[in-house]
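Okay, so subunit A shows up in both of these, paired with subunit B first and subunit C after.
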Partner chain A sequence: MPERAERQFCAFFLARLAHETARLKDMPFPGHSTGPKKWLNLVSGLIDTAGSYLELAGKHAIPESEASKLIREAERLGGLAYRALGHVVGSDATLIPHEIVAPLQRWVDGLKIKNTIFFRAEHLPNYELAWFDLKRWRTDLNNPSRSLIGAIDRINWPLLRVTVPGQALGMLPHYAVVGHELGHGVQDQIKPDLTQKKADLEACVQRITVRLAVSSFGRKEQLELVDILANWVDELKADAVGHLLAGPAFYFALCGYLELAGQTYGISRTHPPSDLRRRLLVAELAKGSPSHIEVFEGKTGLRITETVNSSHVPFCPPPDSLFSELKRPYGPLVAAICVELVPYLEVVASIIFAETESFVRRVAPDLIYEPRKLAHDLDSHLDLISVLVPPIEYRDSTGVHAAGLASILNVGWAALLTRLDRMNKPRGPVLSPVAGKMEQLHELLLRAVELSEARRVWEEQV
Partner chain B sequence: MTALSIAAIKARLRETRSIDRLIISPLLDEDEQAKQGQAAIDVRLGFNFCLVLASAFGSITEFQRNSQDPAFSKLYRREFCPFGSCIVIHPHQFILAQTLEYIRLPSDLMAYVAGRSTWGRLGLIVATAVGIHPGFAGNLTLELRNLGETPLTLYPGQTIAQLFFHHVTDQDMKPSKEKAKRAQYVGTVDMIPRQISSKATSRAIKKLIKRFEKYARS
Partner chain C sequence: MNLELTPAEDLSLQHLLENGLAILDQQSLHKTRRIQTLEGLSRIFSEADSASQALHAQNLLFGVEQRPALERFSLFFRRLDRYFGESLSDRLEEASDVFIKLKKNKKPTKGACKRARELIERLLSAFNEERSMSPLEAPQFFNSLG
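And now, the complex of A and B:
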């Protein structure tokens, strides 16, 4: 049988892919993260499988039709491998600050998330948790290569990929938002009992019916409501996890991100409105005695309010106006559900936050950022960071300890919001004195994350 | 000029007034790095390195024609080596490194960086710009050069240099408060130098170059 041109081209394509995959495997990934390499091994496994199809297609004994089928399948797997390479872009140290990955991985481990995970950055204003479950390739593909089977078996599925904004928007204090994304990683284990507010849900359904001017709430409407409600509840669970992990830093980071990323109402099929999320988080920060808000105000002089760093994120207009605005992009049904779910979500929010807290207290009590810890961190580090000492570690009666990521983020936000005027303008050319100080603060916080992690790693070895 | 003893250094590390506190952080093993009987603190090799690249530069000059920026960054390649990894410095090679420890000196202390004799006997020179001024804040940049004939493998976390501390006094021989008053703490921006001369010196030398060139053409 003459060598078929398409087989040769596919072989060339696979060789290029293999070369590129090998190059990426040689790159350093921040925080000794094994996730990207496991993903790249999966890509190699696909390429090897495709290669074996091509090899078989080249054998003389194979009928033409069978060879053609094998080549097409090899091309398809090559395409899959090529797309899979795209998923790992941005996970090396060029876009994501390498210092932050290991401390974030400690949050992952602390929450007992066993899935294989990796972090990557892209030049988009986007924080996102993506799930990949590809273990079916083991059974769906004919004769998967040994390397593909090995790669699949070494991943704890579903594999999670956390996306964060790269470089320009990747300011260290904003990384507190990752707490929210990790919340999505555990959301299915948090099961708030919303049946106790059944009457409120019935009232919500009634309002939707009236708004749509229909006589009954049919199956289509019910499915849409269930879907949107589930999305919104998951968002609140994730907000609650972020709040528990990082306290005020999460609030500031989320609001700062909402301010920079869009300044919209934020309301959609997938997300409740931003002003509601802010309001609920402020209510959580006000709980306890002393509360996070009281501690923060006492130590910094700044009272945490709903618009403290996101005054341009708009409040939702009254329901009728909101319905009119949402009808255009989403249609009347989704618009009506979104508008009428807001008061219901407000009623059940306390149940969702309480159940999430109960979950985190059960699996990771040490990760909860309590107001007394905030007080200690601000006492220990806030004045020092004004004179360029990063919050690397603290001393107490039992010795010297590494500062945690939540401590660093909270000290960072406190300095950013209340201490910039006490910092000197850094040397060298800067866009503006304030921007220069913020950049310096970012650098100090990166250094704190790097060196506190160094202390932790060292202590784990000795 | 008096040097601080280990007891005095430790006392300054625990100073309650933050403005007067000497910061060396993290001290991964205080007992090992601040040994009794010494008058210095050992510091460790950090994670960030700058390797000197082969380049097409005729020479490093601050006053090239038609150039505001001497672009020193083009002379180096940055390398990050985490704990457990290593970097090899070959005979007669020159690289920049950082201390693991972040250091901030209060207004009345200055320090000298010195190599450790063990490394010195193997041919490794760790610092050429050895004086650290009051108010310095940052990780120290070390200029490493292997003067020996054998490659040396360096690991982040190894003790690499030592710091000797001295009091800085004012004209009345009292501890200097000059920096503290103005709180002029200056963090190191980068290992790679941005400029060699101050603006004033730079302006003056550029004028002198022009005058000399005019004279040479005449």
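And now, the complex of A and C:
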């Protein structure tokens, strides 16, 4: 067949992509994380497969229509590889504090998340967990290259990518939100039995039909409800995991994120309203005797409430007003479902939180951050951090041990919210004295994370 | 969940469906490819069918319990409801049965194969339409309108 310009340009595009991929493979990734390199090997595999399609398209025996199809598919694979390169942007050591990766990986390992994972930062107030599942490409794609098969085999699918904000919002205590994202990594293993509240769901459906003024709830409506409900339940599971891993630090970090992420109601197809999430988390923090709330208030004087660290995040208006407001961006069906799911979710939330706790107690009991640990951490470190002593280790009846990430995050939040006025003004030029103190605290906590991790590695090896 | 890769963009899914058509047309396919294709298609149609049945039984919690089945059914429903309407559930069940039979080296009826073929062709056509209709990136403006 004659050479096609499209084929030649695609070959050039693929060669450029291969060069760019090779360059990225040489970059250092924080914490010696293997995730980004495994992903880049996948990109190489896609490029090689696209190249083999082009080669086949250039053979004389191939009919014109078949050659055209192969070139189009090579272009699509190249386009996918190009987009895939974008997924690793921000995962190198320039944007992610290298100190934090190993302790976060301990959370990952502790939760028995076996998936290949990597962290990346972007210049947005955003935390998210992205799932990539291309495992089926090994068997379903025609003629995958050897390199693609090898790359797919070396990844534990789905591959997870945790996104955190870049440096400006990447203050260490905010990393507690990663607990929520890791919750999404285990959400499918948490199976709350919601059938015990079947009547409440039926009542919810009834309210939706009344609000929509329809007589029946058809498949389109059912599917929409099923989808939104599943999303919201997953969000509560993830909140519960974040709460269990980091206690008040998770709550403060989530509130800080909600405050900076646009001060919205937070309610959508994917997320329940932020005021409900805050209310449910405060209820969890109030459980036990003493509770996290009692301990925190006793040691710092600050009462944890639904508006702490997020006073500009609005509460949802009453249901009828909320329905009117949501109808504009989402249409009446999604608006009605979102409004009427709120009371149902409130009813089943305790089941979801309890089942999540049961799961974490089963797989990772040592990761649960209990109120007594909070009390011990604040007693040991809060006054010292005010005079710039980082929380690296703690003493108990069995000796001296490395401080865990949750301890450092909670001490960090307590200092941030209640001790900044006691810290000395930093030396050198600063934008503002408070910002300077926060920067100093961030550096101190990073040092604590790094040194406690070094101590932990040492403990594990002797 | 597979973010940022829509079913219409998923080349492996397209190949799986095209290979399914080749099998239904009794074209020769490499033995391993044939086994993998039948395995993949019977899984997809079975999952979609189980979700369809759960919806029929008014089980609104199945999305919480079986997320992949929900996504699989959505894949078909969002694209094929306009063609098949109420009969989509029966079509999915029948297609699932066709590929399970073929996997077991049994012979489904010609009529069932024809209807499974139509289902796949409609889906591939919907994917093609989605790709053709996807807009180019629009220019972005960050101007103050004040």
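We adopt the following convention: the second predicted complex is superposed on the first by the 416 of 462 C-alpha atoms of A that agree within 3 Å, B and C clash if a C-alpha of one lies under 4 Å from a C-alpha of the other, contacts with A are read in each partner's own complex, and residues count from 1 in each chain.
In this section, a residue touches a chain if its C-beta (ideal position, glycine included) is under 8 Å from a C-beta of that chain, and two chains touch if they have at least 3 such contacts.
None of these values were measured; they are calculated from a predicted model.
A.B. asks: Does subunit B (first) or subunit C (second) touch A:Arg328, or do both, or does neither?
C.D. replies: In the superposed model, A:Arg328 contacts neither subunit B nor subunit C.
A.B. asks: Contact-wise, after the overlay, does A:His32 reach subunit B, subunit C, both or neither (first, second, both, neither)?
C.D. replies: Once the two structures are laid over each other on A, A:His32 reaches subunit B alone.
A.B. asks: With the two complexes superposed on chain A, say which partner A:Val400 touches: subunit B (first), subunit C (second), both, or neither.
C.D. replies: After superposition on chain A, A:Val400 lies in contact with subunit B alone.
A.B. asks: With both complexes superposed on chain A, which partner does A:His60 reach: first (subunit B), second (subunit C), both or neither?
C.D. replies: Neither partner.
A.B. asks: Looking at A:Ala93 after the superposition, I want to know if it touches subunit B, subunit C, both of them or none. Which is it: first, second, both, neither?
C.D. replies: first
A.B. asks: Just checking: does A:Asp133 make contact with subunit B only, subunit C only, both, or neither of them? Give me first, second, both or neither.
C.D. replies: Second partner only, subunit C.
A.B. asks: Which residues of subunit B touch subunit A once you look at their complex with the stated criterion?
C.D. replies: So the residues of subunit B in touch with subunit A come to 14, 18-19, 21, 23, 25-30, 47, 80, 82-83, 100, 102, 104, 137-139, 157, 183-187, 189, 194.
A.B. asks: Enumerate the contact residues on subunit A facing subunit B in the complex.
C.D. replies: Result: residues 28, 32, 93, 98, 383-384, 386-390, 392-393, 395, 400, 402, 422, 424, 426-428, 440, 443-444, 447, 450-452, 454-455, 457-459, 462 of subunit A touch subunit B.
A.B. asks: Which residues of subunit A touch subunit C once you look at their complex with the stated criterion?
C.D. replies: The touching residues are 73, 76-77, 80, 83, 130-134, 136-137, 139-142, 158, 188, 191-192, 194-195, 201, 205, 219-220, 222-223, 225-227, 229-230, 233.
A.B. asks: Report the residues of subunit C in contact with subunit A in the complex, numbered from low to high.
C.D. replies: 1-5, 9, 11-13, 15-16, 19, 33, 36-37, 39-40, 55, 58, 60-65, 67, 70, 73-74, 77, 81
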